[in-house]
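Here is the structure we will look at.
Which chain is which? They are A, B and C, in the order written, and residues in each are numbered from 1.
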Amino acid sequence: KEQDAIRFSNTGSCADCGRPMADKVADFALETQGASVISTRCSETYRIRSACVTLFGFPLWYPSESPRTVIQGYPVLLPGKCWAFHGVQGTLVISLSHPIRITHVTLDHLPRYNSPTGRIDSAPKDFEVYGMENDTEEGTLLGTFTYDEYGEPTQTFKIPNPSDIVYRVVELRVLSNWGHVEYTCLYRFRVHGKIATT
Amino acid sequence: KEQDAIRFSNTGSCADCGRPMADKVADFALETQGASVISTRCSETYRIRSACVTLFGFPLWYPSESPRTVIQGYPVLLPGKCWAFHGVQGTLVISLSHPIRITHVTLDHLPRYNSPTGRIDSAPKDFEVYGMENDTEEGTLLGTFTYDEYGEPTQTFKIPNPSDIVYRVVELRVLSNWGHVEYTCLYRFRVHGKIATT
Amino acid sequence: KEQDAIRFSNTGSCADCGRPMADKVADFALETQGASVISTRCSETYRIRSACVTLFGFPLWYPSESPRTVIQGYPVLLPGKCWAFHGVQGTLVISLSHPIRITHVTLDHLPRYNSPTGRIDSAPKDFEVYGMENDTEEGTLLGTFTYDEYGEPTQTFKIPNPSDIVYRVVELRVLSNWGHVEYTCLYRFRVHGKIATT
């Protein structure tokens, strides 16, 4: 427990300078680590740039990003390199790399200063996180959180009253965004916790 | 305007430590953001490594990097991960992600300390930047600049006397390099400014 | 020589803060720079995640990483994004980008704090480095080193008594790991030195 607190507090050393704490702990939603998106239970992907965008009269089709983008751990967040869904409400379901007791989740969005408009209105605002022990159950609400429009790009949220229940699947349910009327964009979502010891 | 000055000056905070200012503003030449290379108006790609390179007697073909490499925003600059053109003069034409008033451009090259030779003689030296409102016109010279061989890898240049004209296309015209006789290499080019408010 | 010492010591400046010294020198094992893996002389790839991993009853096949992963210079080390070989002993043979006098080598492994288990038992422990002037010879032992389980993720090793011999091929021979019984994982291997002047 002590150890945990230390890992999630800023040590103040030079090497940690400017790096979010979420980068210094394990992320059980990472695809390279064995996690995966359960696509059948996610919202439909919204095509941000359609054929309406034309270049010298020719319609342009952009490949849209799949929900896998959200758990692939890109080292920098590039504008548009995110998974978009229509409107303000959407769902992402992830099969974790290991069964864990969940203690924190992290949501990343493009920094405001890198946004072409200076705003991040397509960022999620209120969202819920659910845990599932297996694929048949409904899911237990672990917490309701708000991504701060004016906060750091990488925001970590502590699960209130974390239980000893071991989860294998996590659902992220976005309830609102910061003002974009067409779509909401997810850049990265991470799940932190403790591996179950059997 | 005030805001602008702040965004382009070093705030001195810990998180900004060691990061170039160009990383803290929007880049309207980024492919993920909707920008694209107008290939028909670019110089021809030069194949740096040809079949002359052999390994145990077998000729080796390396895939060469396309001009798209220059606007894909890779988080680290890897030696050879650049777009090369023959000789010292070459042209890259980019359709911006948004119509903007251009205030700055940035040129990145591999750091000298990461170069196998300790030199960066394939880096651009003198170059011009042109703005175009649409695809039919000739282009207006926005400025002539020099990439400093001994400067930081990421160098940002202020457009002198920026006008209120809104540009959709930018041309980078390299005039000379730092000594390489065969080819010149572009690692990254960025365009900064203000989105046009209609 | 003096210059060399400076390049391999911490300058203490803000920009270098938290970055390993190996990032500030050339790496002659980098694929983008022209190096390549000689696959016929490497150990066989071990498939970390097999069809034994199932999701809702369906067997899952993960693509396994090839030895090329080790020399592709990814900016962040992601858990599982490594080349694995069976057991604790394995061999990686690299054709360098340039013929060089070898002065240092660097081994990178996933940071402990990013590991799901908090351990890095699949990390190499003792290893040997061999140099070859061409592809027919046996190889000269350049040094025997130990990757420190509790050290920094990026560890650089000085070749003792470096000679003036120019090598074109380097062999990394792992002799033991930090406790994993099934496989050993290599995240990145780098070779530093001086280009031969003919």
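FYI, a residue touches a chain if its C-beta (ideal position, glycine included) is under 8 Å from a C-beta of that chain, and two chains touch if they have at least 3 such contacts.
Just so it is clear, the structure is predicted and the values come from calculations on it, not from any experiment.
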item	value
Interface numbering overlap (same over half, different under half) for subunit A and subunit C	different
Copies subunit B and subunit C - rotation angle from C-alpha fit, nearest 5 degrees	120
Averaged-CA centre spacing for the pair subunit C and subunit A, given as whole angstrom	31
Per-residue overlap in subunit A, given as positions that touch at least 2 other chains	17, 75-76
Contacting residues of subunit B [partner subunit A, same complex]	7, 14-17, 19, 23-28, 30, 32-34, 36, 38, 73, 75-76, 95, 97-98, 135, 195
Touching residues (chain side subunit C, partner subunit A) in the complex	17-18, 49, 53, 55-56, 60, 62, 74-76, 78-81, 111, 113-118
